[in-house]
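In the two complexes below, subunit A is the common chain; its partner is subunit B in one and subunit C in the other.
And now, the complex of A and B:
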């Protein structure tokens, strides 16, 4: 490969990587999530982060952070707690990658300095290179296996950039092994080296050496078949010791490439003809460069963001540099998430997500929706359905905190969810209790009449609200007002300016009159505390509170349909 | 005595002291607690979809059933929700069919085997107030305590099966067992206001304040709770309130102190200050 081409490509990918890093890191100070994120400017946020970092690093907390760095960042303690298989896989892959990078990819820069008498064709390096490559492959395989065990019933969120990066990594590893195998088996390479180091490329004079390299070094000579005589091999070994041994260990220690070279032997003539070594080298090197340039734009940017997140989490409240720091930490979370899905497997509402068929209840999916909302992509027209599902996910979260406590990169997800809910509300998607009360009950009832009845055919009334659907459950109401008299919401709300529009007894009466739609948007239905005083006290045994719960669920469903109908109109 | 501890969502994240003190007290009393992979009881989904709420609840019941255990809920709302779900499953065959199908996808079945107990019913009925009283080492003699039942352990009575929903005595008896004096207060059966916090925060706050004022007026020095929702709502209402004459304490903490357990093991910063005679 021409040096100029190599260097141009290297510098181009380094520049792209650097620009990408600047862009992604600046997002930590640009992206606004949560109501408290609206005021501070990116400059203020960056300044707060710098000041805060310096003050934390100069405090006694720094020692603690050193521990966090070793245990959480290097040894992945939090991942260990979540699953040994993935932990081992991740450790293996990272270790293999880092060592391969140092010893092999950066050989001219570092490898030669770090490793004594480094030669790519000598042991132990010949062996280690294959070992590191296998560590990466095995590590990735273990992580995938661990991932498939933590099933949530939903496919992982689509991530084309991340998948492409993994494909690039696979290309680098496979071409690397193939290239090594090709070089081992290549007769052309043998003659080139022989000329350089033994002073001849004459096949006749090299006969003993050829015999030895064919039988012990895996070179595929087209004109040399079958076993060699011990005499010839002994002569070859003499020559080898003089001219080759200083730079060449037996390639059998390259435990992946050598068997591969043996397997490739019959095809070597064709591969040499087609200059496979050149093609493989180009593929190998350019896949590395493309990977380097694209790294900041994939989820593998977490190599930078996740350690930072862990350190911030370890710094405790000191790491938040209030208030600008907390805001920046949320933006960082979007990058630090590795989409491992451990949170999803632990999520308290995962059974609800499965039953409702809405993955946006699950943390890792919700985080992507939060990213989309922060980037202004969620609220675009044409994505209304997804937006509503995202809001359902946001508001059905019970804040149990299990996602946060199991997050291997230490994200404060509860804080992120709270901020995301506030942003949804600001964008016109508050909790149902809020959006329902934005209109009076009679307006909702009028709007409901305009919705075609078949819009609700998929959710028959008797299935989702059997008590409200069955007149037998409320027709006994004699309007005695006992329910109203015991209702704490009626009692305390009226005196304090939070009065309800209907009373429980009026809600029952509207049901009796067949005016159910009039109740759905009422304050009484939505301000009902569900305390069951009414139901307990009803002399007719009417299940008033149970009906109220049903009416609220019905309200979410039907008035929700009115809302999205309005959005489409 | 062995139960699957159903902590729900609120206790681990917002009131870990309730978990700590429950475990400490029950260990002391010889009750074994088992941790299963429970999820949300279904309560927050009740306003959203009846089916989804019952499925979530039934999954938890089925998990306990598979382990051959009864559930123990320290949260009144989890207790009420799980029992409500059992009622709905019992009376609605079509719902039961849908839920059975959803559970089958995970290899789970619900056959009504697992019972649901609340912490207070376990202490009062399975163990007995007299057993507790006999185990008390440092009684809270003279401490006037108002019992906050929590709506969903009481009502609807036929579902909760807890005590007489109109005139319960179970909690007062348990308070008496610690040596404290239960206080009769007119609003003891009212809602704490917590369920309204999202929908109508001002009204929710008013409801909590009215209850606290009523307890103070009735001479209580302490509001004793057995539900994270009530407890956290009172705590929030008390924060910044000029009247600090009453404190909120979990029943497990009150009992634990009386049993002579160290305050730290109950999630308390310090034991109760000695009372002026």
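And now, the complex of A and C:
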């Protein structure tokens, strides 16, 4: 490859990568999510981040951050807690990639300087290069396996950029192995080297060496077939020791490329004819450059954003440099998310997402919707249906916090959701609690009677509300009022003078009477704090709080249908 | 008490009513590792009073001043009654242990003594009981001496009427006045719930305003009766503040379930068990119970919302109660024990379950159905042998008693739990693995 072409391409991709990084990093200070994000300017946010970083790094917290760096960033402690398989896969892939970068891609700059005896064709380097490549392949396979095990019932969000990046990585690895195999098997390369180091390219004089290299080094000579005599091989070995051994280990230790070279042997004549080595090299190198240039524009930008997020999370509240810092941290979260889907698999409202057929209830999908919202793409006209689905996703969250506590990159998702909800509300998308409570419960029940059955989702009630659908789950209620007695919402409402329309035991009684629709619009159902005291205390073991939550989900579905029906009529 | 993961517990107590709580408490007191399975919600139906034995014979409705004399009579008349099989020294020890554990957990009882006490109920009838919470004991004295006395209630608190109590006692207690109050801060609420009031009274502001409402009404009254809403976890402080501010003895009158004294009792027992290292599975129920003859353990399969759990124990105590506790199931043809289908001592046919009159003072045969046990409190199979050498039964699931009519519910629970736990310890001595 001409050096000028190589260098031009390298510098061009470096420049593109740098520009991309600047653009993406600047977004951490530009993107606004949440009502508190409107005031600070990007400059103020950047300044706050700088000041905060310096003050944290100069405090005793810095030592703690060192620990976070080792345990969370390098050893991926949080991912380990979520799943050993994906942790091992990620570790393998990252380690393989980093070592391949150091010992192969950057060998002239780094590897060769660190290791005096470095030669790409000598053991252990010959063996290690294949090992690193296999580590990446195996690691990616384990991560994909881990991901496929955590089923949510929805396909992962579409991500063409990420998929392209993975395809580039695959091209780099495959062409790398092929290129190596081609070099091992190439007779042309053999003669070139022989001329340089043994002083001749004459096939007759090189007969013993050719015999040895054909039988032990995998070179595919077209004119040399079958087993060689031991005499010839012994002569060949003598010549080899003089001229070649200093730079060449047996290629069998390249445990992927060598078998590949053996397999390619019959086709070598054609491949040499078509200059396959040149094409493979171009493909390999340019795939690397395209990957380098596009990295900042894919989700693999997380290689920078995620460690930063982990460090910020490790810095605790000091890391927020608030209030401007908290805002920037939300923007960072959009980039630091690795789309691993661990949150989706743990999400409390996943069953509801399946019932409503709305993946935007799941954290990783919701995060993309938040990105679209922040980028102004969600609230565009023509996307109303999508917007309503995103709002349902945002508002049906129970704030259980499981996504945050399981996030392997330490994102404060609770904060992100809260901010996103506030933005949606500010854009005129009321919370269900607001539009439901605009009418009293009995009015909703009357409206429900007027709606044709086909207006409602086709999924069976038992899928969304297994408890509310099964009279066995509440028929044991003896109306003892324990639930009401321990309910802080009723206590507070009574004390504050506005009361609740139905106490929990009255909700249970309406269910027993078959008047479920009468409960859907009730304040009790919507004001329930989810403290579970009723459920803990119920002498009959009725899952009162779980039923309340189901009624809320039913309410969104059924009263939501009434609402859209009313809008059409 | 320390127990490695995967080891068997010494005792698994199934049930978290009065008997299950007492059994778990006594097990922990004896240094046994214990796990308790069940929801304590049934304790919320308790009044806070600890009956021992007030009525015997049930058919005559005879009330006894001394529970121990009643027990002696019971032992003669009904030797098969579970309480007749526990000696009085054990009953004294059991009650002392139970009440002192409650006291340490912040729920003080008046010293037990030897006699039953009489108290007012929320409808003006008189209840005879044995263990009385400190916050109610002034009511015993007031009812005995009948000095001028003020009873108050709160508008919106259902099933409690000071007027009704006063009317019921009109001919017997001169100087008994009554007054209805607006509970401070809840003037706009249509209905009040006792637990909310109790929590509100733990705040100094509401307490002061309530006391200020009562004080001008006291007049010549030398005692104040009030629904049992004087605080939850900090009840003693709230009660003390009322007495100090008003300058007269203040007594709580038990309310209908779900009552604040029940909540206090549950809270105190939970805290007592927690302090003693008893493991609890409150939201789980026993799905299966099997006995491993080789390992000498009982294998329990627990089910709950969060999934399935397996554990083993070297002894099991059934404290699952009767029909409301779901220890017994009344089916079309017969009464059955719910977990293992242990034979239930019961009338031969459904026709004999009940008397002709629902309110027959002698009670019904069904009320005396339950498990038969041997001298070591082990339930018996159809052949009259223990179901398993270390399976015990305590509390109301036992046969030959009618605790509601005899007013002996807590006594039955506490005394049988104590007696059975003694047998559990003896039985475990031979089994503790090297």
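Methods note: the second predicted complex is superposed on the first by the 431 of 569 C-alpha atoms of A that agree within 3 Å, B and C clash if a C-alpha of one lies under 4 Å from a C-alpha of the other, contacts with A are read in each partner's own complex, and residues count from 1 in each chain.
To be clear about the criterion, a contact is a pair of C-beta atoms (placed from the backbone, for glycine too) under 8 Å apart; a residue touches a chain by one contact, two chains touch by 3 or more.
These numbers were taken from a predicted model, which means no experiment stands behind them.
By the touch criterion defined above, A:536 lies against subunit B and subunit C together after alignment on the C-alpha atoms of chain A. In the superposed three-chain model, the partner touching more residues of subunit A is B, compared with the other of subunit B and subunit C.
Of the two partner chains, neither subunit B nor subunit C is touched by A:53.
Look at A:552: by the touch rule set out above, it reaches subunit B but stays clear of subunit C.
Once the two complexes are laid over each other on the shared chain, residue contacts for A:509 go to neither subunit B nor subunit C. Of the two partner chains, subunit C is the only one that A:490 touches; subunit B does not reach it. By the touch criterion defined above, A:480 lies against subunit C but remains apart from subunit B after alignment on the C-alpha atoms of chain A. Residue overlap on subunit A between its contacts with subunit B in one complex and with subunit C in the other: 498, 535-536, 543, 546. On the side of subunit B, the complex with subunit A involves touching residues 8-10, 12-14, 39-40, 42, 44-52, 55-56, 59, 92, 94-95, 102, 105, 151-152, 154-157, 165-166, 189-191, 193, 195-196, 198-200, 202-203, 206-207, 210. Partner subunit B is touched in their complex by these residues of subunit A: 153, 347-352, 354-356, 392, 396, 398-402, 414, 431-434, 463-466, 488-489, 492-493, 496, 498, 526-527, 529-533, 535-536, 543, 545-546, 549-550, 552-553, 556-557.
On the side of subunit C, the complex with subunit A involves touching residues 39, 41-42, 44-45, 185-196, 199-200, 257-258, 263, 282-283, 285, 305, 324. Of all residues in subunit A, those touching subunit C in their complex are 480-482, 484-486, 490-491, 494-495, 497-499, 503, 535-541, 543, 546.
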